[in-house]
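For reference, the structures are reproduced in the following blocks.
In what comes next, chain A is part of two complexes: it sits with chain B in the first one and with chain C in the second one.
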Partner chain A sequence: MKHKSRARLSNGLHYFYLIAVCSLILLPLAITLYRAIVVEDQGRLSISFDAYKMISEAFWDKVGVSLSISVLTVVIDVLVSIPAAYAIVKYNFPGKRIILTYLNGVWYVPGISYGLSLVLAYFFVFKFLLGFWGFVAAYSTGFMLLTLMTSIVAFRGLDPVYEEAARCMGAGRLTAFARVILPLVGPGVTAGVLLVLVLSLNEFITALLLTGPTRISTAPLHVFADIRHAGIRPFVAAEATVLQLVSLTAVVAYLKLFGSRYLRGTILI
Partner chain B sequence: MTSVETVHLVKWYESTKAVDGVDLTARDGEFITILGPSGCGKSTTLRLIAGLITPDEGEVFFDGRNVTDLPPNKRNVGFVFQRVALFPHMSVAKNIAFGLRARGVPKSEHRRRIKEVLQLVHMEGFEDRMPSQLSGGQAQRVEIARVLAPEPDILLFDEPLSNIDAKLRDELKYEIRRIQKETGKTMIYVTHDQTEAFTISDRIYVMNNGRIEQVGTPLDLYTNPSTPFVASFIGTSNFIRGKLRITGHEKGLAVIETGVAEFKIKDYGAINDGAEVVASIRPEDIKIIRPAEETQYLNVLTGTVEDAIFIGNAVRINVNINGMIVKIDAYGDDRFSFLGLKGSEVKIGFDRVTILNL
Partner chain C sequence: MRGGQAKAVPLLAPALILQTLFFLIPISMIFIVSFTSKDTFFFEPKYTFDNFVRMFRIYRIDFQNTLFVAGLAGVIDVVLAYPFAYILLRHVRRFSDIFRAIMIIPLFGELYIAYGLFYLILPGGPVANLLELLGVPALQVLYSLPMTILGMTIYTFPFAVYNIGISLQGIDRALEEAALCLGASRAGAFLRVILPLSLPGLISGWLISFGWNLGAFAIPVLLGGPILGSRVLSVQIWTTSLVTSDFGMGAALGVVIVLATVAIFYVVLKLTRGVLV
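The block that comes next holds the complex of A and B.
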């Protein structure tokens, strides 16, 4: 009896801990939503979606721009990173250790420094790719490490015996890669894709630096501008919740399309 | 059916010579085994034959055709790996169909071929299972089926049973031999397990330190090991080292003088009088004898039983002869009577002494 109640208490504590952690993560999002939809009128609280009607047309345009930039960034990063990661893991070549050290080192460079480096390199040194594609190029470079490093980890974890088996059964390099290796490194690649998708959609520092030379503004920059000019008013909170919803929808859409094989067990699949 | 020949294969891994001039031949439909301890270069040799790695020197021929520079997908070999290599994201049927598709077998034939190979390995009805739903033995059977499906010319096995429990291993080795006999395919099998090699092979290549030590049928290797390594790796041996003295009393008879005892030997070959030799005597060739039996044996020695140990199907008796321990394995019905001999003086008798190449 005593043992049972102790086990129940232990389970309760574990559950409480999990709820507390989830609450900490969700609290800022919940408060933003509260600010957007809860209206106080003569001391009485009511729910209203008027704040969403006040969102300008320009914001929605920028959501479209942000989404396009994110999707293109993900596509470019995946296309470049996967073969590169495969080559880095599979082949030994002079300078491999130095390259890996450099790639890991970039993680520790502050975002503002890295963003500034991208702006200087792309627009003031090379003086090319201004506009939308310049933005995409800079984002792709900036976020490529995420897909590259997660792919390297995924390839390292993959037993080479699968590729060897495929080759011995008559598959060429490309077939073995496409039909055996790629599906097996899926979870690792998925982690990188999701990171790039969400982070590029909501990136602020690099976007702020790029907006000058490219004359492109993104949704997070628009929200920032609104905060500066109007303060944290309900329509600004509504814009912020829209960004959250777009991120979540993009993640769910990706998981639905590509992730079901690897991420079974999550509530999203 | 296809023959395989390797000519002076050499493979370096940094400063280590993993394979050192291996010449090997597997005739059409022959089952050969490369037997050796871990790290002796046997798996590397197999991978060189498959084309998974390229040799630093030497050549590989299939039916007299040089395939050294061909990638593995152009060699038409089947390779069964030590670790089960079934693709975890494909069902059993899709795993088998992979090779069929890669080799350009028409899709209309896939179903029939999948059924055939699954029947061959007694795994009918498992088509829709995922690899994670199979036991170790089932997975290895499917692996063999998958390799057989595209009808490769040569089948290569890299210690396929080493991760399987003893009972199943025993069953599967006979299965592999049966499949070889039914399909008539040339097979090269790599193992460190001499019992496995003896059970299934037509011929065995014993390998050590990247080199082939001896080639022969299982019986040849056991009864006439040519080097100390083969004699110690295959079965158990008593080694004696001494000077060969040709007595002249009887034609073809010589004596190995060890300083401890003299060992009479017939068939010492072309070895000169006075040469230093190493010879082996198998423990099961030595008997504990009664005085009346002394005349039946070429060699009769007297010693004291150090200990007698029950080792399952035999009793191992260690006899001390002037400080030299001689191992004897007793297999007869009376073997248990030797368990109580510790400390007793006994006479031992034996005929076969094999001189080894140094």
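The block that comes next holds the complex of A and C.
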């Protein structure tokens, strides 16, 4: 009996700790949402979505720009990562570890330094990228690691017997890849899609450096500018929640569909 | 082996080209520009070591501030993340996916973390009145070192959890059970078996948090106030290069942060035997 109540107490303490830490993590989003939708009128609190109606059209335009950049980034990263991950898992060749480290290189460089290096490269080498495509190129390179790692994890978890069976039954290399392997690794690859989408939508520091030379602004930059000019006015809080809620919806939808198993070992434990 | 290489090259080529064009070339340029004076690189480059010589004198306080806040945030991260990862992996089944999913939220970006905490403490914000009741001026708390460190701690917490978690997952549970069978208490088994074996994860968790916070920008700007907010390396890189057009010095500061983080990731890769964040 005593043992049972002790176990219950210990279990309760475990949950209490996890909930306390998660509350701290959620605090900034929760408090921003509170500012955006809770209105105080003569001491009474009520919920109103008026702050969202006060968001300027310019912000929604930039949400469109951010979404376009993110979708293109996801498409490029998936197209580039899947064959690369397949090669890394399937074939043995000298320098494989070095190549993998090189492909993950951007992840080792702080955004502020990477952003500055891109500004210099766009001014001197890739002048044609001083615009929308400059963002797409930067984000595709910066976030490729995420689709690459999730694809590698997915390919590693795939039994080679399926491909061999398809080849034995007469399928060509490409057919076996497209009709057997891709459908099997698809759910694993989607973990990378989710992460690239969420991170590129909200990317701030690289955008801050690129916005000058490219003359392109994104939604996070618009939020930053409004924070500096309008501080904590409700419409700024509403702007700050828009992309966070879009990202949160994507995460929740993903977890409903696939659970967390494909994200584990890539960015989650 | 050769056959493997021939088949792998075309599959790897698009990724390698992308990285070469938009990572290797730009990063090489920041190294070159760091050895030029002011904005001369744009016209007629004047090569010099002066940026690296002057840097530690001019930006000594910025180096100190950056290392201190990033280092302390990393320490708080691992202190909080160790029990979090341990409980999540060993003791919790129900709702574990929800706890895991919440770890994605700080990845939405430091800007939103900084803004949420900014409103929380700002006069008129939810906690400001409570602070005033306690006799603490809200502005003193808002633009302060602890708020900056709190923001950074939240920002990099998932990386610490991940590294520690991966390390804990690699420990065979039979070792802990063997220690218990041989008479060790639970605390003894933890301190003498689990903790030493998970030490690489603990160190790499700290290093990763530290490395990411070296480049944090919005958190010091919004929560550090006029003094700390303008005297960290990331803010100096931005102002020096893009506001005052001293691209040489900005690039030199950028190079120092790059080298520091590359060294950190190298140690982490060694400790985790190649497991990446």
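The rule we apply is simple: the second predicted complex is superposed on the first by the 225 of 269 C-alpha atoms of A that agree within 3 Å, B and C clash if a C-alpha of one lies under 4 Å from a C-alpha of the other, contacts with A are read in each partner's own complex, and residues count from 1 in each chain.
Operating definition for what follows: contacts are C-beta pairs under 8 Å (C-beta built on N, C-alpha and C of every residue); 3 or more make two chains touch, one makes a residue touch a chain.
No experiment lies behind these values; they were computed from the predicted model shown.
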Which superposed partner A:184 touches (first chain B, second chain C, both, neither): first
Touching partner for A:175 - first (chain B), second (chain C), both, neither: first
Touching partner for A:208 - first (chain B), second (chain C), both, neither: second
Touched partner set for A:52, first chain B, second chain C, both or neither: neither
Partner, of chain C and chain B, that touches more residues belonging to chain A: C
First, second, both or neither for A:165, with chain B first and chain C second: first
Touching partner for A:60 - first (chain B), second (chain C), both, neither: neither
Contact residues common to both interfaces of chain A (with chain B and with chain C): none
Residue ranges of chain B touching chain A (in the complex, touch as defined): 50, 52, 71-73, 76-79, 81, 83, 85, 87-89, 98-99, 102-103, 146-147, 150
Residues on chain A engaged by chain B in the complex (per definition of touch): 159, 161-162, 164-172, 175, 179-180, 183-184, 261
Touching residues on chain A, where the partner in the complex is chain C: 10-11, 14-15, 17-18, 21-22, 24-32, 34-35, 76, 79-81, 83-84, 86-88, 90-94, 97, 99, 101-114, 116-121, 123-126, 137-138, 140-141, 144-145, 148-149, 195, 198-199, 202-205, 208-209, 212, 220, 223-224, 227, 231-232, 237, 240, 243-244, 247-248, 251-252, 255, 259-260, 263-265, 267-269
Touching residues (chain side chain C, partner chain A) in the complex: 1, 4-5, 7-8, 10-12, 14-16, 18-19, 21-27, 29-30, 33, 41-42, 80, 83-85, 87-89, 91-92, 95, 97, 99-120, 122, 124-126, 154, 157-158, 161-162, 165-166, 168-169, 211-212, 214-215, 217-218, 222, 233-234, 237-238, 241-242, 247, 250-251, 254-255, 257-258, 261-262, 265, 269, 274, 276-277
